[in-house]
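Heads up, the next two complexes both have chain A, just with different partners, chain B and then chain C.
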Partner chain A sequence: MRWVGRPLPRYEDPVLLQGHGRYSADLAQGARFLRFVRSPIARGRILTVNAPPETPMITAAALGDVKPICPRLDRPDCVAVAQPILASERVIYVGEPIAAVISDTAADAEDLAERVTVEINPETPVVTLDQALAPSAPLVHEAAAQNTLIDARFETAGVVVAFTSADQVVEFTFTSGRQAAMPLEARGAVAAFDTASGRVTLSASTQMPHLLRTGIADALGIAESELRVIAPEVGGGFGQKMALIPEYVAAVWAARHFACTVAWIEDRLENLTASFHARDQRLHLRGAFDADGRLLAIDADILCNVGAYSNFPATCGVEPLMALADMPGPYQLTEYRARARAIATNTCPMAPYRGVSRPVITAAMERLMDCAAARLGLDALEIRRRNLTAEFPHTSVTGVVHDPGSYREAMEAAAQVIDIAQFRTRQQTARSEGCWLGLGMSVFAERTGPGTPAFAARRMVMTPGFERVELVIDPSGFLEARIGSSPHGQGLKTTLAQLVADETGIAPRDIRVVAGDTDRTPYGWGTFASRSLVIAGGACKLAGTKLRERLQAVASQVLEAAASDIEINDGRAFVRGTDLSIEVRQLARAAYHQSHRFPAIAETGLSAVATYDPYGTFSNACHIAIVAADGATGQVTIERFVIVEDAGQLINPMIVEGQIHGGVAQGIANALYERVVYDDAGNPLTGSLSDYLVPTMAEIPKLEIQHLVTPTDASVTGAKGVGEGGTIGAPAAVLNAVSDALAPFGVGIFEMPITPQRVLHLLREAERKAQ
Partner chain B sequence: MSEKQDVTFTVNGDKRTIRVEPRRSLADALREDCGLTGTHLGCEHGVCGACTVLVDDQPVRSCLMFAVQADGARVRTVEGLAAGGKLHPLQQAFWDHHGLQCGFCTPGFLMLAAGILERDPNIAEPELREALSANLCRCTGYQNILKSVLAAAFEMRR
Partner chain C sequence: MKPVSFRYFAPRSVDEAIDLLAEHGEEGKILAGGQSLVPAMNFRLARPASLIDINRIDALDYVREDGGQLRIGALARHARFETPVARGVLAAFLPRVARHIGHLPIRCRGTFCGSIAHADPASEWCLVATTLNAELAIMSRRGRRNVRPNEYFAGALTTTLQPDELLAEIRLGLLDDSWRTGFAEFSRRAGDYALAMAAAVLRLEDGRIVDARLGVGGAADRPSRIAAAEALLTGSDGGPDIVREAGNIAAEAIEPLEDIHASTVYRRDLVRAMVRRALNQALTR
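== the complex of A and B ==
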């Protein structure tokens, strides 16, 4: 019986369905509550912080020598900046923590915080890219001239020649609004001090418990063994929860200082305005094409508004450096020039968010392809056919190696499903009736499961990548898989159990995956970059193979047969070609309680450890959207959305599709709805879910998915990551579709989100120009 | 803060009296005074619906209702859905059809759907879509939530 490939219902679910899941806030019973006093001013000097007498208030002075958060890249083009746990001299964004108060209930703590008065001498902030880059712009950080935290460049020798010899040069500026990851559970943590051991157990809504332990221990100057970090149920993260944050450092400090249990539960206003944002980018893109539509060269100027600080451990390089390295995407390109900058502003800091930069660069590249096709009189499929990579492995111009994929095949398959020819006829008829339909596609390659080589190339001082897994069979024959990675909704406990089951012959129901507890699991990097299934899954497979060999050794002794003749299936070991068999649980008993009989496993017992650190592997997909744009209201409705995805070997197809569904919905949100807005003074205006528009079931259409499976040896399981693809590909398809719909008006879309107001604005502008 | 007040209501069939500040939301009362943390708080301003419970059979955002307003009412939460050790058809359908990922929105969707289907077991898909658009989910893109509720509706009609 093979478990991989089956849509096994998730082991995670029964608890969650009955309301028994424990998220961070559910663990706060009996805790004292922290409430942060945050800056209401985007930029200024703190004059005084006052609280009524007897208010239990924590300020920077109380924290003493607690170290700031200072993520680093080992690159000369990068300026490191330090984020204080609590601001003491200056504030540089609205929402920056200045002090914290503590009280017995959350409501009382909120009341107390309101009585703290902060006097700040306000200064003119820089909010937008243009303000930050203006010649005499105020500096967010003294050390960062021109507010530039990173200024990375890349150039091949023949770029200039390629542009002069080009038949067509397509040029535009593409902007992406600022987005919030908006996990439905905001952040939060409970830090419990144990008087007996002197340790603190921090249960936090995090994607990376081990990194949190390292970061907090470093900030507090304590040994990591003083701290246990648990990720209980985590209500979504999408990247926002993969950073060390001042609030968690303060919570652990307070638990130690007051020798008690301290909770900080973020509210939605804090989450939308003072956690992390993403995607605030502007690209100036030039593409050179020959007369046949072949892409000769790209010249890109990439600007990322990264907010006030850098995030730990990913750093503020995550967006610009990803954009720089992955801009060519699935296309063949030999000449490339790019400059990618991280620009500091007096706004909420930026962190990785599902897709990291690639939703923006994919949208820009796919707009480029459509614009070039229009100029050359080619259709959208044909220009892509001429440029997509078809030979693998493919090394990109920036040195990124793509393992085998199905870039062209996915596109052709998607085109077939949606039947483009039939749509064009329908579109013509609709246009004659004043209905504006459009079809748009995006083709992309998604780098997933990058190991240390990929992050070392980015020169991260903290270089993520490997995952370690420990498998242990207990005397009752149950298997525990302890993983360093830390899932938060991806169903990893089910998929990893499927992988381990196939390797060991122990059924998934007898396998318990333990994650998200630094006391119980090997050090690992957590869940991000579509890495957990690829890397932790790979480690599970490698460890599973070793464990099977150990079980075979025990069975061979007990059943008196050659180890190579032992097969294990569904919890039973068989001697091939005979009716001799024994249950794994009996083998487990024997291995523990008569260990003297099994010298072959004296060293390990029935356990196995493996570490996996791959280069990374590329998933790919084609998305095609059909939209209807309403010329009177500016409203865009998605009629159809087709996805043909290649994620290699699917471990659990049901879960894979769930990942695509959620990713595409977030991509549609990026394209049409969500935008974090600041006013000129740096005040966030989108502090509630009535201002920050997260799409509902009414806005997300039915998603049609097909799978292709290209074998790869870039991942030991053959599986590729699939966590971000939906988010990466959807905006481009939607924007191309809207542009197609509005083509009769001469309107092309080079921005997102393309809200009804923006559609109307562009239509009016086009009308004015036409007159 | 004014004097605490007694609130007596039934929660999942059990009669309970709790003593709360008048400003206490029903959600906080359920979570903290009744220990029922299955009701989640995603926004505390009435948009996300994670806190949806049934009050006298109506889906209600428990973050927008004061506990004192529930005095004398019959409140049902996700913890009361399964009966006799058996999952409610909605819970079973969400499990079968992968209607949840992180699970944070799930109790709210289950209670919303329970309220909708109890009122109109034959609700048509477009109306159901409309009604379920009251709540937010960030993980599933809603595809399998709709599928799950349709499957449960079918099961409950049998």
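== the complex of A and C ==
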């Protein structure tokens, strides 16, 4: 019996649904609460920080030689900047921590924080890309001339020729608004000092407990073994929780300093304004096409507003460098020129966010395809057919290797599901009645599960990638899988148990996956980049194979049969072709308590360790959206949304679909709703969920999902990552659909979110021009 | 996100509540459904020293018809209006409005009178009260007074209600079968505050509009009746040109708010569209 491929209910859910899950805030009982005093000014010099006498206040001076956070890339086109744990001289964004106060309740701490007075001499901030790039723009960091933290370039030899020989050159500027990842659980941590051992246990809402330990230990100048980091239940992270943050360093420092338990539980206002943002980008794109619609060359200028600081360990290169490397996406392209810059501004820093740069580059590339198709009189499918990669492995112009996928097949399948011809007829009728329907598609390849080779190519000083897994069967026959990765709500424990079950013959219910505890798990990089199932899953499979061999060795001794004749299934070992069998529990007992009988496993016992570090694998999908645009209000409603996804071998189809649902919802949010807004003075204006518009159930349509399965050997399990695809593909499909709906007015969309107000504005402008 | 500390009172009777209000004056605040006050306190935008919780005063929890009016007590929750509270045109109209107020949990706590007291520019009930020229019954230790919306709403979140006063009851005049109603609202997400909304209440005789009440909300600092559009509608057959023009008049008549969700220009566009929709709804029903 195979467990892989089954839509097994998640082992995580009963606990969570009954309210027994423990998140960081649940662990804060009895703790003293930290509250940060944050800068109300986007840019300025700190003159004084004062509190009434006796206020337990921590400032930069108290922290002494605690080191700042300084993420690095090993490349000459990149400037490293250091982020202080608490600002002492200057503040460079609204929300930057300046001091912390500590009290017995969260409310008291908030009262105390209000009594701290900070005098700041304000200076004119740079908020937007244009302001930061203006000739005499003030500098956010002295070291970064023209506020440029990264300025990376790529160019092939034939770009200029390709553009001169082109039949059509399509050119536009595409902008993506700033988003906040908005995990349901904001960040938070409880740091508990243990007087006996002198250690601190930090329970933090993080995606990367091991990296957090490294980062905090380095900042405090202590051995990593002084610190234990636990990720308890994590209520979503989406990238926002894969960075080292000043608040956690301060919390551990305070726990050690005051020798007590300290909690910092972020509130929603802090989370929306002072945690991390993402995707504030502008792309200038030129595409050269021949008369048959073949893409000859691309010239891209990629600008990312990365806010005030870089982030550790991903760095502020994560958006621009991935955009630079992955711009061609699923398309064949030989000539490519790109410049990708990370621009510092006096705004909240950026962290990776589900999809990383690809929601934006995919939207831009897919708009490019539709624009070129319209110019050449081709339909949207045909132009893509002529350009999609169909031969694998495919090495992109930037050197990225794509393993086998189904780029064209997914598109054709999606087109069939939605029945484009029938839609076109309906669209015509609707138009004659003044009702504006549109259909848009996007085709993309999602790089998933990148290991160290992929990150080394980006020249990250801290190069993430491998995952290690330890499997241990205990004397009662239960299996513990200790993984370095650390889930944040995606059901990883269930899928890994399914993988281990198939390898070892021990049923998932008898497998406990232990994650998110640096004392209990091997060093690993955590969860991001659609990597956990691919890489930790791969390691589970490799370790599982070894463990099965060890079980077979024990069984062969006990059952007096050749090890190769032993089959293990559902907790029992059988001798093939006989009725001889024994329970794994009995084997475990024997292995531990009569170990002298089993010299073959003397070294390891019933345990196995494996490490997996792949290059990475591409999943792919096609999204098609049908929308209706209301000409009187500008409102866009999504009528249908079809996804044909190829994630290789599905370990648990239900979980895969869950990933797609959540991802598409965030993609629709990017396309139509969410936008972090700053005023000219650098004040964030979207500090609550009534202003930062996260779509609800009512705004997200029913999704129609189909799967294709293309085998790959780029992943030992055959599984490809699927964590980000929904977020990557949805914006492009929606924007193309809105553009299609508004085509009769000559309006095309090159920005997101495309709000009703903007739709109406563009319609009015088009009317005015037509007159 | 934790409120400043406050004193808490839970009176059992109206008399006790107004005594407490008199005693605490500017420092005290009524707690009704808490759906506006509590978030404001958590953001520390509101810092009342004392809360006077009226949720235990059963005498305030009613909706009843009486003397040609629908009387709504201070504890009647929004959710109560999701199904008709009585027979007739008015009671059938209110559910179409009520479902636009926030989300179900909010409607189960928030009160009709609390909305009128809070006076959010985008409150549906404030628009209904204005359009139907409701009577607002106010009590304090100084006595009782009744006011009409035009002398009550003074701007965004501002009214002529005094700190020692309790808004005890709202009275809406019942509508007989000759009345038609329409309501249209635009918000970014289901449950969001309206960026613009319109309520149309028309009396028809032999296919002609003989009385028109047209209210617009969400777009300006307070709801308003659009007198010029009402005049245009009255005596007309409510044909497409009239409806279009009424929308234009309303769009020009208001002084629109501007915020991150909608510019003044866009708010006028939305008012135009919502007025037309509300009128069409009333005229085709």
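In this text, the second predicted complex is superposed on the first by the 771 of 771 C-alpha atoms of A that agree within 3 Å, B and C clash if a C-alpha of one lies under 4 Å from a C-alpha of the other, contacts with A are read in each partner's own complex, and residues count from 1 in each chain.
To be clear about the criterion, a residue touches a chain if its C-beta (ideal position, glycine included) is under 8 Å from a C-beta of that chain, and two chains touch if they have at least 3 such contacts.
Keep in mind the model is a prediction, meaning the values are calculated, not measured.
Peer 1: When the two structures are overlaid on chain A, which partner does A:Leu685 contact: first (chain B), second (chain C), both, or neither?
Peer 2: Touch partner of A:Leu685: chain C, not chain B.
Peer 1: State whether A:His661 touches chain B only (first), chain C only (second), both chains, or neither.
Peer 2: After superposing on A, A:His661 lies in contact with chain B but is clear of chain C.
Peer 1: What is the contact status of A:Gly489 with respect to chain B (first) and chain C (second): first, second, both, or neither?
Peer 2: First partner only.
Peer 1: Is A:Gly235 in contact with chain B, with chain C, with both, or with neither (first, second, both, neither)?
Peer 2: Touch partner of A:Gly235: chain B, not chain C.
Peer 1: If you stack the two complexes on chain A, which partner ends up touching A:Arg45: first (chain B), second (chain C), both, or neither?
Peer 2: Neither: A:Arg45 stays clear of chain B and chain C.
Peer 1: Taking the superposition as given, does A:Arg115 touch the first partner, chain B, the second, chain C, both, or neither?
Peer 2: Touch status of A:Arg115: no partner.
Peer 1: Who does A:Arg153 touch here: chain B (first), chain C (second), both, or neither?
Peer 2: After superposition on chain A, A:Arg153 lies in contact with neither partner.
Peer 1: Touch test for A:Ala107: chain B only (first), chain C only (second), both, or neither?
Peer 2: So A:Ala107 meets both chain B and chain C here.
Peer 1: Could you let me know whether more residues of chain A are touched by chain B or by chain C?
Peer 2: Looking at chain B versus chain C, the one contacting more residues of chain A is B.
Peer 1: Just chain B (first), just chain C (second), both, or neither: which does A:Arg268 touch?
Peer 2: both
Peer 1: Take the contacts of chain A with chain B and those with chain C, and give the residues found in both.
Peer 2: Chain A residues touching both partners: 107, 111, 267-268, 688, 690, 696, 698-699.
Peer 1: Which part of chain A faces chain C closely enough to touch in the complex?
Peer 2: 105-107, 110-111, 114, 267-269, 632-635, 673, 677, 685-686, 688, 690-691, 693, 695-696, 698-699, 755-757, 760-761
Peer 1: Which positions of chain B touch chain A when the two form their complex?
Peer 2: Per the touch definition, chain B meets chain A at residues 1, 21, 23-24, 31-32, 35-45, 47-48, 50, 77-79, 81-82, 87, 91, 94-96, 98, 100-107, 110, 129-130, 132-146.
Peer 1: How about chain A: which of its residues touch chain B in the complex?
Peer 2: On the chain A side, the touching residues are 7, 9-10, 12-14, 16-23, 25-26, 29, 107, 111, 182-186, 233-236, 238, 267-268, 488-491, 654-655, 657-658, 661-666, 688-690, 694, 696-700, 702-703, 726.
Peer 1: Under the definition above, what is the set of chain C residues touching chain A in their complex?
Peer 2: 1-5, 43-44, 186, 188-193, 260-263, 265-266, 269-270, 272-273, 276
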